[in-house]
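Paired with chain B in one complex and with chain C in the other, chain A is shared by the two complexes that follow.
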Partner chain A sequence: MMNLQADALTSSIEMRTDAHGSEGHPAASGDYLSGQHTLADVTETISRMTETPAPRWWWYGFILSGLVTLGGIFAAVYLIVTGVGVWGLNQPVGWAFDITNLVFWIGIGHAGTLISAILFLFRQKWRTSINRFAEAMTLFAVICAGIFPTIHVGRIWMLWFFAPLPNDQAIWPQFYSPLVWDAFAIGTYFTVSLLFWYLGLVPDLATLRDRAKSRTRQVIFGILALGWRGSVRHWRHYESAYLLLAGLATPLVVSVHSVVSMDFATSVLPGWHATIFPPYFVAGAIFSGFAMVLTLMIPMRQLFKLQDYITDRHLDHMAKVLLATGLMVGYAYGVEFFSAWYSANETERFVFLNRAFGPYGWSYWIMVSCNVLVPQLFWVRRFRTNAWVLFVASILVNVGMWFERFVIIVTSLHRDFLPASWGMFVPTWVDVLQMVGAFGLFFLLLLIFVRLLPAISIAEMKLLLPHESMPGQPSAAASAAGTSTAGGSTAGASITSLSSRWPEKRTLVARFSSVASLSEALRRLADRGIAGVDAYAPYPAHELIAAMKLRRSPLPWFTLAGGLFGLTLGLLGMWYIHGVEYPIIVGGKQPGTWQGFVPVAFEMTVLFAAFATVGGLLWKCGLPKLYHPLFGVKNFERVTDDAFFVSVEEADETTARLLADAGAVELMPVEEVA
Partner chain B sequence: MPTIFTPRADWWLRGIGGALIAGLVLALGALYYYASPKFTRVGYAPAQPVPFSHSIHAGRLGLDCRYCHVHVEDSPHATVPPTQTCNNCHTLVRNTDPILSQVREGWDPDPRKADAKAPIPWKRVHRVPDFAYFNHAAHVKAGVDCTSCHGPIAQMDVVRHAEPLTMGWCLDCHRHPVSTEQKVNPPQSCQGCHR
Partner chain C sequence: MSTTTGFAATASVDPRKLPRLLAGVSLGALVLTLVGWAISPRQFAFSYLTAWVFAVSLAVGGLFWAMLHHVTGAVWSVVIRRIPEQLAFVIVPLSLLALPLLLNLRHTHGWIEHPDAVWEKKKAYLNQPFFIGRTIFFLAAWVWMAWRLRRWSLRHDETGDPSSLRRMRWHSPTGLLILGVTTTFAAFDWLMSLDWHWYSTIFGVVYWAGAIVGSLAVITLFALALRATGLTAITVEHLHDLGKLLFGFTIFWAYVSFSQYFLIWYANLSEETPWYIQRMTGSWRALTLFLAVGHFVLPFLWLLPREAKRTPWRLGVAAGWLVFMHFVDLYWQVMPVLHNEGFSLSWLDLTASVGLTAAVFAWVAHSLQSNRPLPVRDPNLAASMKHHNE
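Up next, the complex of A and B:
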């Protein structure tokens, strides 16, 4: 018996490491979570950040960023009631701080989904402790970005013109315009990132619900968690949905900044009209996004004492990403000059010389020193793991990346083709207040986020736990049963009491203290062909899915159907608008040509595929389901913390004995709660 | 452990969720219907300071529109007639009727004092926004009948806003012009009207 369990444990650990593919050596996963931790300990550390009274530094930050946000709101309201003229925009500099800030914030927003989606697909386990926070940062950065184009159009009550809605004006968005692609790209990016973020939060919201002491917290987190109960059948669909959304978000990360760059690249302005722009912008976005993650992560890890969760190895990896993307950005700066020289076009050459040595030359050199020179520090390992060096460098990189956008936009515009229409841009106080206000809003939202929601994924961190600290080794099981929670009874006692009163077949729930013993029980139940079995676990344990002999989730078919629907809807809609209802000739092409429809058709495909994936997940799991009889079972609230359960419908005494033999800590019939 | 929610909670969640979605759909539908000029402008028929009846003058008496709206053929503006035009007839016809008191009092027979009295404050019914350029002459010359835009004006006792005058409504005709007299080619580009 003991041997069998030990074997099961070993094999299950192998499966775990296999399933999550550590880099060749299983022990390495431990390096992303230093110190000795248990399941309960992970839950406790991360949940506590949202449950204890706010620390003093939080209140200072909250009040300060709140005041700055109010300043930004004042600037926006002043602009809306007065007009865009309150900014320093002029002819020829028609875009300046507004679009600089838009591109800056959209760039910041790239790190989150890159970390959560692309690194997930590459099985980079170090993403686990930073992905939640980075995703939240992404959402808030996109919100900050959205402010600028919204108010810079002037008449914000006409914003609905962006949407292809039938209207009395019989006017439609021009789907061959990169500005419309941009609205679709950013809208889709925000929506899919939000779904991805929320999906990741659901199991953690259930944890907070089950830990909640006050009725208000119970109800709020109860509704937000959609009745998540850690069912292995649900985890199977959940993991599939998570992987699918990661796959959908990955091309989005690349597409958003490519489309933003086309706002510039498709114009015929020297300095903007360059084919290198899409990759150049994407590299810059990842560069600035990682810098912002570091700027925020380093103080957070210090203030919440999360050094075990965000280790020096994390910092090291992020510094390497900074170095790599910094080099790409530096290469792009060089290539721009080369292309200008090689084009043999006087105007093109002038623009780039003017960039470096003209009236705005100082901003060009700030950009180069912050973005190209500063990251060179990270060739040295000592600097990559030094939090202070990284913190200062990440701030400098963000300054540099802000200036990169300023340089691209303002220096290209301020020297028009005719010297008679040359001009200079000088920001007004409204420009500056609006920019500072966006930073205020960003920090305000982040501060609220770290207090309200788990800033690190609780369920995913549990997958990083090294096996030494896993509970449920045969020797530990018995003692855990006695000492765990109040009312915990030993397995022997409960089976005796049960067998004496087991009058009819009814649903039976058994608690296990480890994945190993639970999967052993599941395997035995499956061997006997017992139906109506489900298991419950605090994290997606793949060996449980295997032990239950569950088939693959059918969710990919939902994704495919949603994607095809979005693609068809997008193409048909645009063909109707520009081929039939509002024929328009752009770039000398026939009305209704398809090439210009590609970006929006892509965004529509991804958007509807994401909707279908999440909708399919909820449908297949039967969620939201706020009430379930299992929630009334003793200790079941620990299923989102450190306990494992199995439920068997219409169980008889033999089944009860089987579960007890497999190592159940506690056996309970389900009390039907009226 | 007692459960947080009762079995009724799921019923409530779906009920409230469904009601919110239904409410949103209804609100959007209402916005589409009630915020459209087809609802807000069509049917506008303000009482005028003098109850002038187009149905009597243009309908029963058969006056040509151009008798009062003299510049409709050669000017962007159709022209609201001066009080003088009324008095061409009303010094002789119904010249004691109390409903025409403003017509008599607002006019001085001495042409040197033509500006001395304030015009009758007629209420404007049809209005095209300043950012859209509309030319009566161009439309009348192209064979567009007055009633195409103003409705059956010769049957109206009180002038009523008959058509929505939205951009979509303008474009309907500009895209599919119907003219019996000549071949017309109305502009469909932005700067055709927004100039």
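Up next, the complex of A and C:
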């Protein structure tokens, strides 16, 4: 009964706006999005990668990397069953491929957060089309990294000793050990990266839910999307949470590789103990991570035909980042070498000469050529935008960065202080198979990822579309609503004819086809002081937040509280364990000295701040809420694609007229009120 | 409205007279410092070294920010760009003022008068002629870069010739590279080799970090002053960005400084720890704590709220404080070498630092008044003026 009347109203308005050709207006090309795109085809292009049957190349890749992964698993099982002795480790080279691979993969894992968080804070819009992929890469790289120390401990079933629990002899983890810091840093990094990645995915998961053709997809994505409905009130908290997590992830990513570098730098070993290690490792991590992003993005943009989304300008910027970080790494090599000489310490000098000219000298020169010389190509613009040059260079950089870790670890160990204890390291087949196997696992996880989830952020790409040419022609809508008497009177007439039959006040939903017309409607609603208004959009349009005159999100307070809680918990916990319950003297330091607590206290601060931020976001948005009456509204599934909605509770006829005048495409009452 | 009142009060002095006033202060303080040279040459040498290295770090930091603007192709900072350009150019008078330092090396750098076995192994690098030659080379490189950058920038105001902008963009990446290497070795020479047994590979980065924070604080102060006099298009949005950078680089300073301390503390090697032991015992301990709290904890907490970065007086307090703390940082690095028995402030510390700092401020204030405070023909100027956070 009601629907019939609403339809009458709807159709009259639709006729008017459709004359302007509201949907499907091509957008002019943006800087980081070339070609002509609309909201709808951004959704389509990116979602399609997960919806169509897998292309043949995908199956080849899947089978190949699956087989390599199986090889790695075989090597790992063989090692666990037999013992760490099947690796090439010996005295004096007690760390070699295992820790090289750990540091290598953790380094790869740094690009994701760099692109997502740091470039976000610096307002580098070009990150948008690569951040999702790079974040996924981070997670998978950290998984690959985790394999090596896990196996390296030898008795893998004793791994829980890292956790802050008293073990069976009532001994706690040793909080002055860099290896325990590692466990905290990498654990926190993985958790926060996962939260950050998932948070970014939520609106896109809602898109996949709304596009789902099968019930299974709908249910799975429905649950994962937490009932996201693009509410502008939610977007406001969401954006705040995203910014806060970016703010937390930035020092976190720096801390992770700093802590990894401290596995070496806190020692007294020449070649390992250098104060420049923390920033030097961070620069190297970003360098190798960016190289890996390039290695993967270049073929991907070719295979999925994403040249409009990952443009030559992206390549150009990434090449510049490679050049800059390569120079930083080169700086560190130089300063280390100079300092070794300047130290006037014989052993220090020997270690560095041995690095460059000793038995492993070849690996040192591979490192220098790949990491310092190769990126020099990118002073030339032509090389920065040439996909082939970049692809080859990015692989060489990864080779160089793997060798950097090998050089640092093996050359510093193999010449022990006494010549009688000198030795060499030769990898065994188990070493090699595990290293290769980790690559297999990494590619396998990435291949699965690109098939299951949107590899480019759909919602964020929409922000890159130039606003003035958004579909819906705001100028036309505005003129229809305001100055053009003809358009206004048509809509007005249909509402008048409806008014005698307008029921008691109820929730009214109106669809708009552009941000501009919707924000105009919101402004008018706000001016009239009409309450119970919410708007819905496929991406976080700031005009809408401004038009609704919403207050700033209170989420920063959650972050602060969570951070303080984590800091207190960390410091009190370690002080109790180390200073009171089981005081133990390590490295000549007094039990309970504060300095050694700094790394873990920092990680705890970030971890709990991130938990509080995400928890606060869900709480303030009232999510998860898998069903909402709005989902029953006609066309509402397009809110995650290209449509904009407004809902007004207890709307009367005047409100309906106001919305129609502002340029609503459809007006619909909702049967149930939320 | 209320945002400008805080500075309007301080600007009640005619801003056109400010450079002359500062120059007068500087001259007076420097004359007193020269008197100190005659009375107590050793104290003078150390006080002057601290003050000069501080002033140079501001100029070098200015050069860093000016070139970083071009390297990143930033738009928001176009309205601010002129300040670091003028700040960098202070290196010209400061290079001439290096003379008292170079004449007193035997007082400050102990390896000249007390050579020992350790020095023997590094004398190929640590010897007076090479040291002086390097200092001249570093200063010449910085003068050359600052002069070029400023000339292209000012010429662009007149001609609007896009080739000037292209040149600035083209030369800035290599400029940053040269700057990074030269400041590292300058820091090794002027500061690290005061104690020639001690070494730390991160020392160059620590010096940059301090110079970046200190110069950014000076840039922020000038941005606020220009805003108060109404000569510029700097808005609250630009202040917000300056505040964010100040906040971020304060953390960066803390990160690299703590890394150096932490790794030396942990490894506990006899070559390295004496440097920190000296600074963490006796009355120096108090200064170390003051440095940690004043250069990190307080500014971190102060700048954390969004409003602190958007309220001119709150940002101004932070910037002024950080300029001071950057001086304290360098003082803390230099002075324990002279007063190894404990913290002892000399009147020369005051006159030398006030003399050189006032000279820097006078020079920049004068340059900003005698040239346009905005790059008027920069194609991104309009976009920069409209810059909005979020």
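Quick note on the criterion: the second predicted complex is superposed on the first by the 608 of 674 C-alpha atoms of A that agree within 3 Å, B and C clash if a C-alpha of one lies under 4 Å from a C-alpha of the other, contacts with A are read in each partner's own complex, and residues count from 1 in each chain.
Just so it is clear, a residue touches a chain if its C-beta (ideal position, glycine included) is under 8 Å from a C-beta of that chain, and two chains touch if they have at least 3 such contacts.
Quick caveat, the model's predicted, so the values are computed rather than measured.
**Q** Identify whether chain B and chain C fit side by side or clash on chain A in the overlaid structures.
**A** Fit - chain B and chain C, as placed by superposing on chain A, sit side by side.
**Q** Just to be sure I read the superposition right, which of the two partners does A:339 touch: chain B = first, chain C = second, or both, or neither?
**A** second
**Q** May I ask you to decide whether A:182 touches chain B, chain C, both, or neither, giving the answer as first, second, both or neither?
**A** The answer is neither, since A:182 touches no partner chain.
**Q** Hey, is it chain B or chain C that touches more of chain A?
**A** C
**Q** Given the touch rule stated above, what does A:222 touch, chain B (first), chain C (second), both, or neither?
**A** In the superposition, A:222 contacts chain B only.
**Q** One more residue to check, A:327. First (chain B), second (chain C), both or neither?
**A** A:327: touches chain C, not chain B.
**Q** Based on the superposed arrangement, let me know which partner A:598 touches: chain B (first), chain C (second), both, or neither?
**A** In the superposition, A:598 contacts chain C only.
**Q** Looking at the overlay, what does A:170 touch: chain B (first), chain C (second), both, or neither?
**A** The first partner, chain B, only.
**Q** One more residue to check, A:209. First (chain B), second (chain C), both or neither?
**A** A:209 contacts chain B only, not chain C.
**Q** Would you check which partner chain A:633 touches, where first means chain B only, second means chain C only, and both and neither mean what they say?
**A** A:633: touches chain B, not chain C.
**Q** Once both structures are overlaid on their shared chain, how near does any Cα of chain B get to a Cα of chain C? Whole angstrom is fine.
**A** Superposition on chain A places chain B and chain C at a least C-alpha distance of 21 Å.
**Q** Please output the residues of chain A touching chain B within their complex, sorted ascending.
**A** Listed in rising order, the residues are 167-171, 209, 218-219, 222-223, 227, 624-628, 631-637, 673-674.
**Q** Give the list of chain C residues in touch with chain A in this complex.
**A** Touching chain A: residues 72, 118, 121-122, 125, 173, 177, 180-181, 184, 188, 199-205, 251, 255-256, 258-260, 262-269, 271, 306, 390 of chain C.
**Q** In their complex, what parts of chain B are in touch with chain A?
**A** 1-10, 13, 36-38, 164, 166-169, 171-172
**Q** Quick check: in the complex, which residue numbers of chain A touch chain C?
**A** Chain A residues touching chain C: 122, 251, 254, 258, 262, 265-268, 273-279, 327, 331-332, 334-336, 339, 341-345, 379, 542, 556, 587-588, 595-596, 598.
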